[in-house]
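What follows is a set of structures to go through.
Both complexes shown next keep chain A, but they swap its partner, so chain B is in the first and chain C is in the second.
So, the complex of A and B:
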């Protein structure tokens, strides 16, 4: 047998290659079982990019269900709190074109807000506590409630259930600690005629003339 | 003289230091009001420990340190606390921050204080405590609490102590003039530092060669003390901590490492003076040398300024010509920022108030497009690629910015200085850094929110599960009770056949139970006979009595006759029934 293989190089090559493929096939098969990924990793990645306000404006009960839905092929522009930057990030991740935010689900807000309970008006019905997706409201039945501002995601789910309308969504005030410099105007835009608006108005003036 | 190394890049802007060195350090009259911001340092703001209306003495603690990385604040002069509220402070944003206002009484009465002359025999830990309690933060610029820097809670022993007397930024001469006039006290401060750090074998004062008088002033005091004065060529920026360490030791600090990780400590020379005052004289940090300069002030010079002095007070006493200059800058022309108003107070890190004339520092010219000349890259002291960072900052490509080490930028402004297109590059980097930090904070917050949401969901589900389990348990219990009842009834009967009946099916059970009860009634015929006989006997008696009553009623002819005859009939019937039952039983 050995001699036969030694005599026939083609046979020898065949035996070697078949042997190697069986070996590596077994190795890959073992690895596939051993390092099997449970669940869908893309859901995790999409969930990471979503803003976690848990507001349900997308029509799903929280960010993760929406992430699961996106992974299953849903459109990516249903998240107003995340806004365009979140849409861009998800589009980048999934390698699809980034659409505009779907206005049907709400508009992107410039300022961050947190819920505030006017405490002397609160009747202690606990309805807002049940509505809060992140347990950021503190209180008990027939006792005043209050919002833990640091935990509030600004989803405004607590505003609707309040029977006495004592919850306001207040903008978060900027402090020295989180103040930041702004990007200066683009170089070259300092020349008045370079500005698109200026050109448009010049055209308009010509039209009028 | 020891060897020095040369940092990459750097620029040579006009120094303009001589203007403010013509006169010695001056004293100002005590301002009517002092405003002490609670956050003049890196770390947590101090917590006020005085009340409005309270009398305070010079050097009295008015705010306590909050936590480890924080410093206390002291009253810079005696007077009354007149406000604890938000005030404008020296910050580029122009926003308000919590401050304590003292209305001074002019007496400038010191609180009782005592220094230690014999510091050599005091434990370093105790000395560090004194430095911490004196409210000393780094006076070079960043304002890092000095006590934290000196804390021995580190792995490596300190082998090199570097004293930063570089003062590389144009116009500023606060350190230069302090060395000229207070060299002995400064060297004493260095010796205290040396004692705290367990006598590092290498103590260097790094100073640029544009301060020959200061170098000469130091020379007699350091002689024979083991402290070396290292002079190196003037270049901006050499005074950054990492730059100075490289110039003096040739070692580059890795990203994210502190000098202490490499066995080095770098302290500003102004801080050593404050440490001397704190330890030997027992005085907290309540004043500092501040340069007031620029063509718009009458006499450019240095002042020993109380912390909390309004900038306007400094300018007023220096014939500030508001027409000549439009703005007041805190810090130097390279890294300083224009003050939103001159009412802000001088803080522990304020080394210079610059009031330039229009001719001196003209308003920013409009920026032109980047021509990719690469001069910024040549000027960068950290060897970054400023033009790349500029493009990425414009495009807000945060990951690219981080890949190009944006966070190593020391914001020295050398790139903006050389830029032929006048692009305010540093502002782009600051903005980009702010955006990235904000994005990081938001990420942390959203992760936290996710965690809480998951927990919330889990909690609701668990509550639901528990409720369901309770409901199931209750249903089970009801059925069990029914079955048990039936079984108990069955077991209670004498008939062995019924006791073996299955307890599960309910209708059959009920029937079986009824039968069992019926059977139980039929049980023990002797008892029943006895009972019946008793019933018959008593019925016969009652019948007899009823008949007697009836006879009476008939005789007296009362209205009860009908009723009584019915009762007699009833009793007779019952007697008949019992008798027949007895007869049945007898059969």
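So, the complex of A and C:
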């Protein structure tokens, strides 16, 4: 058998190449099993950047479906709760230019808000409970409802269904944990000598030189 | 030891595959727009080149030469390269999904990077041993990485530079590559 192969160059070539192909095929098959990718890891990373309000303002039923859509090539500017900072973070992750927030899907609110139910006006209809995407409203039929403030993402979805309009969106109270030092409006105006204007400062630079 | 140093200097600088032998120019122009993707491409190509140099030596010495099939080198090496690139693609997809996205179509295109086949064929024609040929493959990859990263860094600067309208984009990149090639010719006769 071996003698026959060695003496017949065409047979030798065939055996060698087919053997090599089978060997590499087996190696690749093994590697495919070993390095199998479960799910799409990029979806996980995008989903982590989205605000998880599950508000549906992007037109998808929640944050994860939108993350899957972005991974499949959708535009990244449909998330009003996340706002520009989320768009920038996703653009950075995907290595694409960051667009402005698409106004069609809502505007980014200036301050973070949380729903508040005026409890003495609540009739216990449970409509807001069904609307809440994160189950942040507690209550039962014909009993007063209330909002679990820590769970509320401020998505506005419960305001519309309320038949007696007893839900308000209130700004989240500032605490020591999230207080930020506000930058003075015009920092250049703080020093009296800066008020003389550009010409005066140019002269001053020449003097110094 | 000195012999290894000579091989490395020779394959990285003197016989640089991109700028002296003009092999593998497609990824050199295609993936050099951004420094980050250039670094990823450089690492992937170096990995493929080293692995290919080893595998092609084994295939050549253990299969082709004993059977007297040296004329089948090119086909056998293409088979080796395709398998190694496919393996690299799977490996990157698992370990760095982001790099996988950034490299995109250029990752499977390493298969058609002629520097890879060039290294495998030159190794066999130079009658190198296993260690020498794998070092030669690594050196070729390192040389490719060096010029690709330099070139992409320059292109990042160029995109911010005030280039005349008619030279913008690919034109100035070609001129830059030409000047780099001229500079690398200065290394000839170093060893």
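Following the convention adopted for this analysis, the second predicted complex is superposed on the first by the 148 of 209 C-alpha atoms of A that agree within 3 Å, B and C clash if a C-alpha of one lies under 4 Å from a C-alpha of the other, contacts with A are read in each partner's own complex, and residues count from 1 in each chain.
As a working rule, a residue touches a chain if its C-beta (ideal position, glycine included) is under 8 Å from a C-beta of that chain, and two chains touch if they have at least 3 such contacts.
Predicted model, so just to flag it, every value in this text is computed and none were measured.
By the touch criterion defined above, A:18 reaches neither chain B nor chain C. With both structures placed on the common chain, the touch criterion links A:32 to chain C but leaves chain B unconnected. Within the superposed three-chain model, A:96 lies out of touch with both chain B and chain C [touch as defined at top].
Judged by the touch definition given at the top, the superposed model places A:62 against chain B, while chain C stays out of reach. Note on chain A: of its two partners chain C and chain B, the one contacting more of its residues is B. By the document's definition of touching, of the two partners only chain B reaches A:153; chain C does not.
Judged by the touch definition given at the top, the superposed model places A:183 against chain B, while chain C stays out of reach. Look at A:41: by the touch rule set out above, it reaches chain C but stays clear of chain B.
In the superposition on chain A, A:75 contacts neither chain B nor chain C. Those residues of chain C whose C-beta lies close enough to touch chain A in the complex are 34, 36-37, 59, 63-64, 67-69, 72, 75-76, 79-80, 82-83, 86-87, 90-91, 93-94, 97-98, 101-102.
Residue ranges on chain A touching chain B, taken from their complex, read 47, 50-54, 62-64, 132-136, 151, 153, 174-176, 178-188, 190-191. The touching residues of chain B, when paired with chain A in their complex, are 39, 89, 91-93, 95-97, 366-370, 393-394, 396, 421, 423-424, 427-428, 430-435, 437-438, 441-442, 446-450, 452-457, 459. Looking at the complex, you find that chain A touches chain C at residues 6, 9, 12-13, 16-17, 19-21, 24, 27-28, 31-32, 35-37, 40-42, 45, 93-95.
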